[in-house]
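A short worksheet on the structure shown next.
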Amino acid sequence: MTTINVSDTVRRGIREIREELVDLHAELRRNELVVWTAGNVSARVPGADLLVIKPSGVSYDQLTAETMVVCDFEGQLVEGSHQPSSDTAAAAYVYKHMRHVGGVVHTHSTYATAWCARNEPIPCVLTMMADEFGGDIPVGPFALIGDDSIGRGIVATLEGHRSRAVLMAGHGPFTIGTDARDAVKAAVMLEDVARTVHVAQQLGATPRLDDADIDHLYDRYQNVYGQKEGNQ
Amino acid sequence: MTTINVSDTVRRGIREIREELVDLHAELRRNELVVWTAGNVSARVPGADLLVIKPSGVSYDQLTAETMVVCDFEGQLVEGSHQPSSDTAAAAYVYKHMRHVGGVVHTHSTYATAWCARNEPIPCVLTMMADEFGGDIPVGPFALIGDDSIGRGIVATLEGHRSRAVLMAGHGPFTIGTDARDAVKAAVMLEDVARTVHVAQQLGATPRLDDADIDHLYDRYQNVYGQKEGNQ
Amino acid sequence: MTTINVSDTVRRGIREIREELVDLHAELRRNELVVWTAGNVSARVPGADLLVIKPSGVSYDQLTAETMVVCDFEGQLVEGSHQPSSDTAAAAYVYKHMRHVGGVVHTHSTYATAWCARNEPIPCVLTMMADEFGGDIPVGPFALIGDDSIGRGIVATLEGHRSRAVLMAGHGPFTIGTDARDAVKAAVMLEDVARTVHVAQQLGATPRLDDADIDHLYDRYQNVYGQKEGNQ
Amino acid sequence: MTTINVSDTVRRGIREIREELVDLHAELRRNELVVWTAGNVSARVPGADLLVIKPSGVSYDQLTAETMVVCDFEGQLVEGSHQPSSDTAAAAYVYKHMRHVGGVVHTHSTYATAWCARNEPIPCVLTMMADEFGGDIPVGPFALIGDDSIGRGIVATLEGHRSRAVLMAGHGPFTIGTDARDAVKAAVMLEDVARTVHVAQQLGATPRLDDADIDHLYDRYQNVYGQKEGNQ
């Protein structure tokens, strides 16, 4: 096992993230977003060009803080005794090019992936979508795993977009967030709206919300909803 | 934390409701009506123009009797150390204008919300719907959060209607009940009939029940079903 | 609480059935066939014209052997401190008129009830249906609760039919079995085939099995499958 | 109970497999691939022409290492106090004729079985399908239980095919693997893609992946993904 030379603060950050990722992968399962080993959460390490991510092909039951791996922004392993997730290159590219992103989640959750299989964006027909994503959920390009194509597709689609979710064509969804927990929340809410809009459209047309209403709802939710800092 | 000046009886009522709301939010989850923090239960405080409701943006795992908040019928916080749910104004309006309502539930449950996305009422095609809701489930107007529009839409739709559930257009369902548990039951039964009628209509037409049969079933269920008081 | 005068053997039988019914109602829930209180299991008491059934409107969490009630074949309560299930008259009629039936189950399970809402039989398109039900699942008449109409509809449909399940129009499924456990198995398998055939027909036609193949499969399954007595 | 005369090594192998099969049947349930007793896992015994399989008609709750049975490649019981699964003949035929197969799974999982009911292959429209199955999931012939017809249909369809899953017409899926766990993984992933592609096609067309992309993804996944030996 490789160990990297970093400051004590960064080391503590890595330790905390390793533990949080165990909880967040459990959250993916509890929300039925993943089967077998098909999905992962990663997080940016504060104060370093590093990320922590799930090891490849390890079952969720066997995930511990120790099995998580640390990689640099080229996707190369810098600490850990397992191979990093196949999706590390994609996540690394996002962290490198979107500096406000602190967490990335990839799943093959059923309904979101079904929209991916049709290469079809999810239209904003529910207030919850306006609140959470600020509009439609966009489609990203089909890209093969193995280089930075997937990462580039994610960044090109989400850069400057309100949505924290992208539907990669023929593949599955990726979500981003200010931290890993926020990206997991986006993955959960994405599957929820993907399913609800799917079900709605099975029996008829779903009118899109007005843009002015979407703007109003998005602005309010981002600025008013939830507890103020120090409140919880 | 603010504390209000109320009689001992009202204080005991608030204490009991805070605890009951923990159980009832767990019931929402157990019936898979909510994801993340997207749904809430509230209850009228007996003997006072007050309600108790879920705090905003707090996860169901972290809900305790202490985290619940007390508000007046303008939706203003009067007791509690958290911000009240975003839906407090809507619930408060209902308690103020429908004096027989003791509980209000709001969710984004998948199938009920799908009917909301199409602005389509659920037709009464099953005896269970006649029993529980006395007819079709009506659609309420599209309304933005932030003032009393949602509350007004709920009251205007349900006032004088047998149904304890309303499908708010482009948003999601609200249910009411004689107390909070009854409103949760309505939310559970609503999602069940919303799903079953949806599934039925996917493969063909579903004949509506005769009005006379609906009346007969509704009357019987409201007056005969279940245990007599003191029986349980 | 009323207590009836019966032989010790019958009394022991009632005791055993009360306990078994607790397990079998848990099985309904585990297989997601019921929500809230909407479904029940009953059993014939060996050696007496009596049945044991779930009390009305009592939640599954609160069911114990003591809460179950004993009724005669007119559906009248003969032992127990709760009101019997609303479906007691229907079950009683079945026990009275189909002497080989030892258990009756009623649910509103989603997919089976969806076929009921369309008044459409489930065609025998899978070997599992041939094994378990020996052909199509038939539709029974629409009937109001309150007298023996539902019971008569069940018996008229299932008398002389291989199927242990009937889809009561606009209402929901009833299943019968040699004992209560067998009727619960039929309810579980019914929902499974109702869902699978529904899903299959959503995307195209499903060829029905040949009658000769259905006969072959049904005969084999009834006579060969499972463990011989004394074997387990 | 019959006991066979085998080497100590083979005996230890049988013991380990009996225990592993308990875990793997639990995995079928956890992934909701089976109801009641309708599905089974078997495994080849290393170093002998024997297999271990679930007993017939025994509930998953009652399965223990001791209840599993050992059969030869004609499907005949050679060790165990229960009747072997009805699907033993099919599994035995596969082990006899496909020497690289170490595990066979049969379920009636909803979405895979729905494709079986339409006799329709699942097209390769998602990267996950290319990774895991290397292309479309093929349909096998309709075959009656009772002789080696089902086994022959499985072998004829999967021999020389990349897919580890076959959709037996009007019946349900069978999956194979290098060992029992690998066959269970295939059953889990099959249901996942069967469901996702079904959902996708409900609302529109799903473009098939290019053959060159499928080849690239399949090759990479088989050779790069997961942990190297000794790594875990």
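Remarks
The letters A, B, C and D name the chains in turn, as written, and every chain counts its residues from 1.
Following the convention adopted for this analysis, a residue touches a chain if its C-beta (ideal position, glycine included) is under 8 Å from a C-beta of that chain, and two chains touch if they have at least 3 such contacts.
Treat the numbers as computed from the prediction; the structure is a model and nothing was measured.
The minimal number of chain-to-chain contact steps leading from chain B to chain D is 2. Bringing chain A onto chain D by least-squares fit of CA atoms involves turning it by 90°, to the nearest 5. Each chain gets a centre from the mean of its Cα atoms; the one farthest from the centre of chain D is B. Taken over every residue number at the interface, the positions common to chain A and chain B amount to under half, indicating a different-residue contact.
Between chain C and chain D, the centres computed from C-alpha atoms are 32 Å apart.
Between the Cα centres of chain A and chain C there is a gap of 46 Å. Of all residues in chain B, those touching 2 or more other chains are 202, listed in ascending order.
In summary, the structure contains touching chain pairs A-B, A-D, B-C, C-D. Those residues of chain B lying in contact with chain A across their complex are 35-36, 38, 55-58, 62, 81-83, 86, 108, 110-111, 113-120, 144-146, 170-172, 198, 201-202. Taken together, the chain D residues at the contact with chain A in this complex read 31, 125-128, 185, 188-189, 192, 195-197, 199-200, 202-207, 209, 213, 216-217, 220, 224-228, 231-232.
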